[in-house]
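This report concerns only the one structure given below.
Chain naming follows the written order as A, B, C, D and E, and within any one chain the residues start at number 1.
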Amino acid sequence: MFADDFQPTVRRSLLSILIDPINKQLSAVNGLVLDGIGCQKAYRQLFSGVTVSLRAGQGLHVAGSNGSGKTTLLKIIAGLSNDYQGSIGWRCSDELNHVIDKSDLLYLGHLTGVKSLLTPLENLSWWVSLCLPAYPIGSDEITQALQQIGLNSELNTPCHFLSAGQQRRVALARLLLSQQRVWILDEPFTALDHLGISQIENCIKRHQSSGGMVIMTSHQVVSNVELINLNLADYQQRPN
Amino acid sequence: MLVSANENFSSYRVFTAILFRDLTVYFRYRGSWINPLFFILVVITLFSLGFGADSQALRVYSPSIIWVTALLAVLLSLDSLFKTDFDDGSLEQLILSSQSLYLSVLAKILAHWFVTGLPIVLATPLISLILGVSFEVLPEVSLGLLLGTGILSFIGAIGASLTVSLASGGLLLSLLSMPLYVPAMIFGVQYLQDAIAGWPLVPSLSMLIGLLLAAVVLSPLAIMAGLKLSVEA
Amino acid sequence: MPNWQWFHRLGSPKWLLITLDRWLPWVLGLAFLTLLLSLIWGLAFTPPDYKQGDVFRIIYIHVPAAVVALAAYYAMAIAGAIAIIWRMKVADMVLRSIAPVGAVLTFIALFTGAIWGKPTWGTYWVWQDARLTSMLILFFLYLGIIALHDAFNGSASGQRAAAIMSLVGTVNIPIIYKSVDWWASLHQPASIKFTEESTIALEMFQPLMIAIPGFYLFCLAAVMLNMKVQIAHNSRNNSWMIEHAKIDS
Amino acid sequence: MLVSANENFSSYRVFTAILFRDLTVYFRYRGSWINPLFFILVVITLFSLGFGADSQALRVYSPSIIWVTALLAVLLSLDSLFKTDFDDGSLEQLILSSQSLYLSVLAKILAHWFVTGLPIVLATPLISLILGVSFEVLPEVSLGLLLGTGILSFIGAIGASLTVSLASGGLLLSLLSMPLYVPAMIFGVQYLQDAIAGWPLVPSLSMLIGLLLAAVVLSPLAIMAGLKLSVEA
Amino acid sequence: MFADDFQPTVRRSLLSILIDPINKQLSAVNGLVLDGIGCQKAYRQLFSGVTVSLRAGQGLHVAGSNGSGKTTLLKIIAGLSNDYQGSIGWRCSDELNHVIDKSDLLYLGHLTGVKSLLTPLENLSWWVSLCLPAYPIGSDEITQALQQIGLNSELNTPCHFLSAGQQRRVALARLLLSQQRVWILDEPFTALDHLGISQIENCIKRHQSSGGMVIMTSHQVVSNVELINLNLADYQQRPN
């Protein structure tokens, strides 16, 4: 009934509803709202008044030149930084709910959280237990995800032996298992070859079509995915 | 009901996942658990070397020597407690995990204690031998080291969480932890002295247990705050 | 409806700087007056101690310094708590301003105590004395907080880190206070008591009772000065600050 | 002719560039040079705390205490000697530089000594005060610490270069360095004992000087090999 | 007379000649030769028989999918790895000279050697003293290079405050000052925006036109630079 577009699998349906903290009842999530986000770094206003409303199934491409504040914005949305103005929240049937549960967010930044001493298999299993503890994801599924992303013979090689692109793939394999509603991807295509990029693009498309949202940055052209463009240059103040 | 049972289960899953991952990482470098042990043995040997023939003095000062060395071994290893996780971004994932950071922190410290504190505790007979402490009080000394290394790990982890984003945090960590260690030092040395002299243990033992409980319950709060601010930096 | 204006003003560095400028001369003047009064009284008009002779007069530096050093730690920890709970920038500045003052006062207490120890106990320093050691620990705690704050190069994280550390450090405070009662010690147990009869001669006591407020005021003045420095540093790129600096010079 | 003069000049330029860069990095974290000093003071304080009232014993064992503590302070800080350069790729650039790696290594160790060994040497009066060592032998004790910290830095750097590519190298470093340190420890303690007792210093002093010279000349060779190996790994 | 194409500035002419280690006389360098390079990692032959000859002014684009061994090959050429088969050397008037002086190589890998505690200015100055100690490059030139690459207001900000792309730029500013004959660039376009990429491409073109050589990898399309393509897939052995 509610949030129909959030039900590609039985699992995700668990997340598509939200317990309203005030009325203690379930409500449907229609989208993510950024309201007048601004950030100041060392007395310089990086950007201000960033206002976007993202509906289920939509994606946002944060563009801007080097140093314009894309990473900063993504970290703010992910909840890793508290040093900002404005507000972020879910839109639940026309009301704004400012409590975003962390289990709804997947963040993948410049640092990927892949332990170089562990093998791809161990790395991904750990992440699954950490970020998807409520889902019964078995080791078969984890192996499959890694193979699908192009790691076959390297499943049990410690990651510090892997190439730059292979290490990124270990991190990106999370997208294949993810149950999170919003993906926040900071330059996911770094170090990937063409095949890898198109795989990730497909992955994002599938996520969107099942009602997920994506917020990403990339200096490379994202050709196959439909994304709303947000150019941070439009939100910069003239230096005074 | 269902939700909370489910939540408990997933907390448990996260706790074990972190515990076992950290233990795997520590054991993959064979050094990690041998090193603190080796360190404490070498330093204690050096001390006894320094004390030379005067084995009487050695026996008298052995409580202080044991504590100072255990403290240094724990401090030395604490530097990397959160550092590698910070460097490779795992810490961000840990903080972003929907599960309680409190439990994650507990799991990490526990794993760390398994590879630093526990080997030291297990080496008590060897340490006693080198320092000429009577074997009759072995259980008491072991218990003291068990409680002591636990306290040292938990308190030191506060400093580790605050300095993890700093390039040369290692020594700043010592600087921050030393003052916090003093109460534990005082009671710990007191306890060992009582144990070796065969005096009643209850007062100093209860102080140590109290300190450990307080450290286990309270220090994760400070550590959580420290980790969050480090990720923001 | 309570007037919250002052509270919001606290967040404005400009208002704070002007307020500090207004109050600083008074506090500083009062501090000098009381200190001078207590010192002249204590050094010139109090009879020598029948056992220690004139050496005891160091009490007029030692005790106030020790008392205020401990109180400064409380103030710092409270500022830290406020900084963490309400995320007030002013509280951060207060914390960072108190730390060096507290460190210096602690050092003075240590130093004068050591000097005093030589004629009375026959040694500068006794290691197994808990009060002496815990005072030393307090000194290290102050230094650690300063070092931690500065290691972050002035970012917000450094301020939070220092605040957390100052809160964590409060575990040492009861030990410092109670050490004399808990362990046999060479050091004087608390002799200044407000609920019972003090165990100290009244003539010696009176100048001390002036010296302690004097040290408090002096500490306050130093903290205020430090805060001015902090504000100036934090706002060094702001136009109003540049104007302000021009007016001052 | 011209080439070699030019080469000398550019070697000099590289040496100073590395020296000053490292010093800048160390001083940018104000902690870097205060920390080892602070560490040694705290540990010595803790020791004397442990020894308690028996200030006689303290004076007798002060040479060992001074050496063990200086050793630990240097070891603790050595961990980061090449680590940060390894992590950010500077080490690759250093090895690829056409200039002599020998000189680069010397410059790095010297910079490191300036911020760890030198402060300890300058703190000799304070250390002597805490340990109750007579001020009359201050110059001799300072000289001993000067030579000693130098030896410790150079020898420890060998272990640092070998462990730099390992994640948790810190304690492995101690493990590798300890055996190398033993000769220096023995002669160093001997020297300090002689100095404090007012005995003739020539024999132990010449041993220390010999050790330092050997360490300065030979250890960079091992360090160069260790660094190249670490970069390849 | 010899090696005419190596003389864009007075400085570089110093490098365009080589002292023959056997005959102790100067000889002209015509190019770089890779002869049958092969490399094995953990009992797996990554590639073998890579034979290329690069003339002055030419560039080589090492292509291949993630994990095919591009970084490994570049490290071998840079002299950072000794674990390979085959040989590398200068071609000096038809003879092969196996001594490649390190002062002729500039290597820029995944790790850039930018110290995060130091400012861009300090970082670049250090590199200049380290890798170009024989050249009188002043601090004006260093500042200019950084400004040219797009760092203006950040010259004196410690690098750990800079964005990913800005940090890469600090490293890439070396290219503007470089006097080395061969540039070895491992994914130089990582984290750069469009403007940055075209700047680096121009930089490479200028280097080539003054007789320099470039060996690079990139998963992005390199449009403006003429490069010989070397696909590592062609040198892989079938797994047996």
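A few remarks follow.
As a working rule, a contact is a pair of C-beta atoms (placed from the backbone, for glycine too) under 8 Å apart; a residue touches a chain by one contact, two chains touch by 3 or more.
Keep in mind that this is a model prediction, so the values were computed, not measured.
Separation of chain A from chain D in touch steps, taking the shortest path, is 2. Set side by side, C-D and D-E show the greater C-beta contact count at D-E.
Chain centres here are C-alpha means, and the one lying farthest from chain E is C. Separating the centre of chain A from that of chain B, both taken as means of CA atoms, is a distance of 36 Å.
Remark: chain B and chain E have CA centroids separated by 47 Å (rounded to whole angstrom).
Among the residues of chain C, those in touch with two or more other chains are 133, 140, 143, 147, 151, 153, 156. Contacts with at least two other chains are made by residues 25, 29, 84, 87, 166-167, 172, 175, 178, 232 of chain B. Among the residues of chain E, those touching two or more other chains are numbered 110, 116-117, 158. Of all the residues in chain D, the ones that touch chain E in their complex are 6, 9-11, 13-14, 16-18, 21, 24-25, 28-29, 84, 87-99, 104, 231-232. For chain B in complex with chain D, the touching residues are 25-26, 29, 31-32, 34-36, 38-39, 42-43, 46-47, 49-51, 57, 60-61, 63-65, 67-68, 71-72, 76-77, 79-80, 84, 87, 166-168, 170-172, 174-175, 178, 185, 189. Those residues of chain A whose C-beta lies close enough to touch chain B in the complex are 78-83, 101-103, 105, 107, 109-118, 122, 125-127, 129-131, 133-134, 158. Residues 84, 130, 133-134, 137-138, 140-141, 143-144, 147-148, 151-152, 155-158, 160-161, 164-165, 167-169, 171-172, 175 of chain C are the ones that touch chain B when the two sit in their complex. Per the touch definition, chain C reaches chain D in the complex via residues 123-128, 133, 136, 140, 143, 147, 150-151, 153.
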